[in-house]
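Each in C-alpha cells, the structures are laid out below.
Same chain, two partners: chain A is paired with chain B first, then with chain C.
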Partner chain A sequence: MKKPAKTHKIKMMEAQLATKLNRQVVGSLVGCVHCGMCNDCCHYVLSHPDDPKMTPSYKADQVRKLFKANHDWTGSVFPWWVGADKAALTDDDLEELKDIAFGTCTNCRRCTINCPMGVDTATLNRLMRGLLTNVGVMPEGVRVVSKDQWELGNQMGVLKEDYIDTLEWMSEELEEDLGHGEAEIPIDKAGAKIMYAINPREVKYDPRTIKEAALIFWAAGEDWTMPTEGWDNTNFGLFSGDDGLGGASAKREYDKARELGVDKIVISECGHGYRSTRHEGVNWSGDAEPFPMESSVMTMLRYIKEGKIVVDPSKNSQRVTFHDSCNNARSCGFYEEPRELLRLVTTDFQEMYPNRAEGFCCTGGGGAMSMSEYTPRRLKSGEIKANQIRATGAEVVVTSCHNCVDGLGDVIKHYELGCEVKQLVDLVANALVLEECAVMKGRPATAAAPEAPAPTAEVEEAAAPVVAVEAPLAGRKILVVDDEEDIRTFLVTVFEDAGAEVMEASDGDECIEKAKTYKPDIISLDLSMPGKSGVDAFVELRKTAETESIPVCVVTGHPEFRQVIYDRPVPPPEGYLNKPVDEDKLVAYVAHIVETKEEKAN
Partner chain B sequence: MVERTIGDKRLKMVRGDITDMEVEAFVFDITEDAKLGSGFGGAIQQRGGIVIQKELDEVGSVPTGEAVVTQAGILKADYIIHVNGPKFREEDEKGKLERAVTSALARAEEKGVKQIAFPPIGTGMYQVPLGLCADVMVETISRHLANGSDLDEVLIVVQDPREITPFEAKFKEGA
Partner chain C sequence: MHESSSLLHTAEVVHWAALIIMAVVYSLRLRWLFKFKPGADKSAPGAPDRTDKERGAFYSLFNVAMPWSMESTRKGFAFYLTFVIFHLGVVAGISLAFLSTITPNLVANPVFAWICGSTLFLAFLVALYRVFRRLFTPVMKLISTPDDYFSLFMLTAWFGLGAVTQAHLAGVQGFESVNILVAYLFLTSFFLIYVPFSKISHYLYYPFTRIWIGRALGHRGSYPIVRG
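For the complex of A and B:
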C-alpha cells in the first residue's frame, strides 16, 4: 500500500527535531536496548500492567522513529527493524502522539533510575511534547495555560491588578493577626536583598501561603520584596516542551530581579518552579549572568540555623510524612534539606517508602492537572502513591511543591485516605515563636508587637464599652449550591453566622433559576451534582446576561473543577476552595471576593 | 520608547498591557472559531465583560488573514479589532501576517478611528518568528500610513526585552 505524503505539520516537526539534537538527546535516542528494566519504575505501567503502550520505551520510541527516519543511518539501511518506516506521516498520527506524550507520562523521570544505558525517557517525552506544541497539537488545557503564560506572564491568567490586590489583602490579614502593620508585603522595593517569586496557584487559590511566607520573612528581619512582574516562578515551557516559552518566562523573572537590584531570587515551594527557575530557565533563556537563586525551603532552614527565626516543633504534633516532588528530588537532587527542616518543625515524622530519588509521582507531573481529559487515567496511576501514603499512617502529607499539593489532594480524596496536604511554609509559620525571632530583638520579651503607648484616662474611658464587631458578611446575599443536604446546611450555617442572608439550591437548574431571581452577591457552587452539573451551570451563569457578573466561589471535593479553570470555556471562577472547607477561610475568602467585586465596580 | 514619523503620522513602539491601554482601538490575534480563549483573550473577557464574546459568537468565525470589529465592553478602548494571524508554523506565514495587518488597518479606517494599537502578532504561543513579525508589521504599517491613511497614530505594544529588541532594530533601520 502506498504511503501517504508527509503533511506540512510533519515536515515542520522534522525540521524542529533537527534543531534539538544535542548530545543528551541523541544519547537517549540511540541508547535504548528495550531491556524492560524501566517498566517496574513507572507508575503508569504498575497501574496498567496489561497495557504495553504504558511502557517508557514504547513512549520514547515514538520520537525515536522520527529520529531514525530522518537522522540515523539505521533508519536508511533497515527502516523496518528500527521502526523508521512507521514514523508519523499524517495529522491523525499526531493526535495519537499527543495522547501518548501528554496522557501517559508525567515526565517524573523515575524510569531513568534503573536504566543500564542511561536513557532519560522524560527528556524524549518532553521533546515530543515540544515538537507537537510547535505545530499546535496539544490538549486544550495545555493551550490555555501556555497562552496565559505567554501573554499575561503567568500560567493561571492572573491579572496584574488581581495579583497586587491579593498581596495587599494578605498584608491586611497579617495586620489583623499581629495587631500592627510592620509585616506588610513590600511590593517592587528597589534594592531589597531578596525577590520572592511564587506560583500563581498561591494568588488564585491559596493566598494563605503568601501570608505565611511574609510572616516568616518579617520574623527573620529580612529585607525582601515581591515583584509586580516576573513573579511567576513556574514555567509551563518545562511541561509543554516549548523551550521558547521556557526562555521567555525565565527571562522575565531574571530581568525583574535585575531591575529591582536584588541580591537573590527566593523561589516559593514549587518543584516545577524551582527546576525551571533555578536550573532549566538559565539554559532556555541563554542568560549569561544568572542570579543566586534558592528554594524557600533553604531560606527557612537557614533562618532557623542562623537563629533568625525560632520554632517550636510541638506546635505541629500530628504524624507527618514527606512526599518528594519529582522535579525537586530526582531532577535537582534536593532531598535532605526539606527533611532537615521538617524534623525541626514537627515532632512525629514518618518517612514514606520508597523515597528520595525512588519516590513515586503524585500524578501532578508539573502540569498534568491542566488536562482534564486524562483525569481518570491519572487517578488510576495514583494507586501506588495512595498505598505509600496509607502505609505511613500519617495525618499530614508534607510536600514542597504546589503541583504535588493538588496531585496528592486528588489521590487522597480518590482513595479516601483521610489525610491532608501541607507545605513546609505552613508548618514553619505555625511553629514560629515570634517573641524569640530576630525581628523582636531589643523589644520587650513578652510583646510580639511594638509596645503601644500607655492608655490615657480618656482613652480607657472611651474604650470601656464593648463595641460590637460587624459580621464579615453582614448585608450580603449568598446562594449556596450543593446537592448534599448536610454540606448545604453546614455552608448555610457558616454564612448566616457571618451575617449573610442565604438562599439554597440543590442542583444546576435550580442554581440558574435562583441566581436570576435572587441576584446574590456571590454563589458558592459545588461542581459534582446530579442533573445539570456544576460545570454546566457555571458556564451557563457566565453566558447569561443577568448572571454573568455574579462572582462564583467553587467549593468542591473533586478534580473536575479544573475543567472550568484550565479548559476555560468562559472566564474562570473568582474563587476555589477544596472540601472539607475551613470555616474561617471560607468566610474570609468569600468576603474578600465580594469586596473586590464592589471595588472594581466602583 | 521608539518612534517613526511618516509624514504627519506616527508609528510608535511602547511597552505595556495592550488590553488595559487607553487607545481608540487595539488588535487581538483571534483563532478561526472566534473564541477569545485565554491569554489576552482572558484579560479581555475579565476586564471587558461577556458582551465582547457574545458579539463574536454572532460573527461565528474569522478566516485567516481577515479581521472583524467588536465593541470593547468596559475596557478603556472603544473597539477591538480581532484579526486571525498565522498560527503554528503554517504555510506562507509572511503572506498571511501581511494580510492580517492590512485587514486590521482597513477595519480601523472603516471605523474612523485615529489611533490603533497592535501586539506583535503571533510571536508567542503561535510561534511566528519575532524577526519576521517585526519586518512585516513595521513595513506594512509604514506603507499604509504613507498612502493616504486617516489614522494619526499606530502603536506596537511590546511586553518584554525579547520583543523589544527586534522591533527596536527594525524601527532604527528606517530612521
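For the complex of A and C:
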C-alpha cells in the first residue's frame, strides 16, 4: 500500500526537531536498546498491566522514529529496519501522538532514573509535546492554559485586579485574625529583601495559603513583598514543551525581581513552579546570571533554625506522611528540607515508600490536571500512589506542590483513603507560637494567635462587652444546588447561619428555573447530579441572558471535573471548592465573591 | 587441509579489516554526535550541600556495577544477572576471536577454555531467553524493530558458535573441524561491520549518555540517589 505524503504539520515538526537537538537529547534518542527495564517503573504501566502502549520506551519511540527517519544513518537509508518507517505522516497520526505524549505520561522522570543507559525518556516525551504544540496539536486544556499564561502572565487567567483584590482580602483577614494591620501584605515594595512568587491556584482556589505565608513572613520580621507582575511561579512551558513560553514566563519573574531590587525570589510550594523558576527558566530565558532563588520551604526552615519563628509541633499531632513532588525530588534534588521542616512542625511523621527521587507521581504532574479528557486513565494510574498512602496509615498527606495537592486530592477521593492533603505552609502557620516569634521580641504580647484554643464557657461568659458581629452574608440570596439532601441541608444551614436567605434545588433543571425566578446573588452549584448535570446547568446559566451575570461557586465532590467546567466556552465560575468544605472557608469565599461582584458593578 | 588453512587465513585478515572498518565508523559516529551543540544548565546548583556534577557523573557511569542503585535492577535482580552474563559473553566472544589469531596457545589453555567457553554457553542460554522474551512478551514485541530482532538473533548464533569454537580450540573431541573457527571469524567480521549501524552500538554512546545524565542530575542534587 502506498504511504501517504507527509502533511505540512509533519514537515514543520521535522524542521522544529532539528532545532531542538543537542548532544544530550541525541544521546537519549540513539541510546535506547529497547531492553524494557523502564517498564515496571512507570505508574501508568503498573496500573495498566494489559496495555503495552504504556511502556515508557514506546512513548519515547514516537519522537525517536521521527529522529531516525531524518537524522540517523541507518534510519535514513533503511527506515523499516529501525522502525523509522512508522514515523508519523498524517494529521491523524498527530492526534494519536497527542494522546500518547499528553495522556499517558506525566513526565515524572521515574523511567529516566531507572534506565540502565541513562536515556532521559521524560525529556523526549516533553520534546514530542513541544513539537506537537508548535503545530497546534494539543489538548484543549493545554491550549487554554498556555494562552492565558502568554496573554495574562499567569496560567489560570487571573486578572491583575482580581489578584490584587485577593491580596487585599487576605490582608484584611489577617487583620481580623491578629487584631491589627501590621501583617498587611506589601505589594510592589521596592528594595524589599524577598519577592514572594506564588501559584495562581492560590489566588483562585486556595487564598488561605497566601494568608498563611504572609503570617509567617510577618512573624519572622521579614522584609518582603508580592509583585503585581511576574508573580506566577508556575510555568506551562514545562508541560507543553514550549521553551518560548517557558522562557517568557520565567523572565517575567526575574525582570520584576530586578525592577523591585529585591535580594531573592522565594517560590511558594509548587513542584513544577520551583523547577521552572529555579532551574529550567534560567536556561529557557537565556538569563545572563541566575537570580538568587529558593523555595519557601527552605525559607521557613531557615526562620526556625535562626529562631525567627518559634513553632509548637504538638499543634500538628495527626499522623502525617510526605509525598515528594517529582519535579522537586527527581529534577531538583529537593527532598531533605521538607522532611527536616516536617519533623520540626509535626509530632507523628511516617515516611512513605518508595520516596524522594524514587517516589511515584501523584497523577497530577505534567499538566495532567488541565487535561480532563484523560482523567479516567489518570485516576486509574493513581492506584500506585493510593497504595503507598494507605500503607502509611497517615491522616494527612503533606506535599510541597499545588499540582500534587490536586492530584492527591483526586486519588484520596477516588480510592476512598479518608485522609486530607496539606502543604507545609499550612502546618508551619498552624504551629506558630506568635508570642515567641521575632516580630514580637521586645513587644507586649497583645496579638492573639489566629488559631487560639476555643474559649471555655466561663471565659466566654466573662468576656465583656459582647460585640455584635454582623452576619457576613446578611441580606444575600443564595441558591444551593445539590442532589444529596444531607449536603444541601448542611449548606443551607451554613448560609442561613451566616445571615443569608437560601433557596434549594436538587438538579440542573430546577437550578435554572429557580435562578431565573429568584435571581440569587450567588449560586452554590454541585457538578455531579442526576438529570441535567451541574456542568450542563452551568453552561446554560452562562448562556442565558437572565442568569449569565449571577456568580457561581462550584462546590463539588469531584475535583477532577475542575477542568471539564473550565474548558467550556463560557466565562469560568467565580469560585470552586472541593467537598468536604470547611464552613468558615465556604462563607468567607462566597461572601468575597458576592462583594467583588458588587464592587465591579459599582 | 590446505584449502582450510587458506580460508582461515582469509577469515583472519577479514576480521581484522572488519575491526578497522568498525573503528572508522565509530569515529565518524562520535564526530556526528559531537557536532550537536552541548546542552548546558546555567542554573545555580540545586542543593548546595549535595550538588556535585562530577560525583553525579561517576555514580551514573558506574551504576551498571551497582544493581542496588536503580529500582529496575534492584527489584529485577535476576534480569540484572542475565544482563551481566550476556555482556560478559560479548567480552568473551570478542576476546576469543582476536586472541585466537594472536595467541592460539592461550585460547587452548584449559583454564581459559573453561572460563571463556562456559561464559559463552551461559550467554547463549541467556540470549535464547531474550529471544523468547522479545518474541512473546507483548511489551517487547511492541517496542522491537527488525534491528532489535536481528541483532539478538545474530548474537545468539554468535554466542553458540563461540562456545563451539572454544571447544574446537581447546581440542575437545567432536569439534576438530577448522571450519568452525573459520565460520566464527567470518561471523565476527560481519558482527563488527554491522554493529556500528545497529542498536548494538549503544555501548559506544553508553559512557556519554550516562555521564551527561549524571552531571545533569548531580548538578541538581538528585544524583547519587538517596533513599530513606
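Criterion: the second predicted complex is superposed on the first by the 570 of 602 C-alpha atoms of A that agree within 3 Å, B and C clash if a C-alpha of one lies under 4 Å from a C-alpha of the other, contacts with A are read in each partner's own complex, and residues count from 1 in each chain.
In this section, a contact is a pair of C-beta atoms (placed from the backbone, for glycine too) under 8 Å apart; a residue touches a chain by one contact, two chains touch by 3 or more.
Since the model is a prediction, treat every value here as computed from it, not as a measurement.
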Chain A residues touched by each partner, larger count belonging to chain B or chain C = C
Which of the two partners, first being chain B and second being chain C, lies in contact with A:179: first, second, both, or neither?
-> neither
Now for A:261: first (chain B), second (chain C), both, or neither, which partner does it touch?
-> neither
Report for A:280: first if it touches chain B alone, second if chain C alone, otherwise both or neither.
-> second
After superposition on the shared chain, which partner residues are touched by A:307: those of chain B (first), chain C (second), both, or neither?
-> neither
Examine A:153 and indicate which partner it touches, taking first as chain B and second as chain C; both and neither are also allowed.
-> first
For A:542, is the partner it touches chain B (first), chain C (second), both, or none of the two (neither)?
-> first
Shared chain A contacts, counted only where both chain B and chain C touch the same residue | none
Note which residues of chain B are touching chain A in the complex, please.
-> 17, 20, 37-43, 45-47, 49-50, 87-91, 124-127, 159-162
List of chain C residues in touch with chain A within their complex | 33-34, 36-44, 46-47, 50-51, 60, 63-64, 70-73, 75-76, 79, 83, 133, 137-148, 197-199, 201-202, 205-206, 208-214, 216-217, 220-223, 225-228
Interfacial residue positions of chain A with respect to chain C in the complex | 21-28, 30-41, 52-53, 55, 57-58, 61, 73-74, 80-83, 112-120, 278-280, 282-283, 287, 290, 292-293, 329-336, 339, 351, 354-358
Of all residues in chain A, those that touch chain B in their complex | 8-9, 12, 134-136, 143-148, 150-153, 157, 159-160, 242, 244-245, 247-248, 251-252, 255, 542-543, 545, 548-549, 568, 570-572
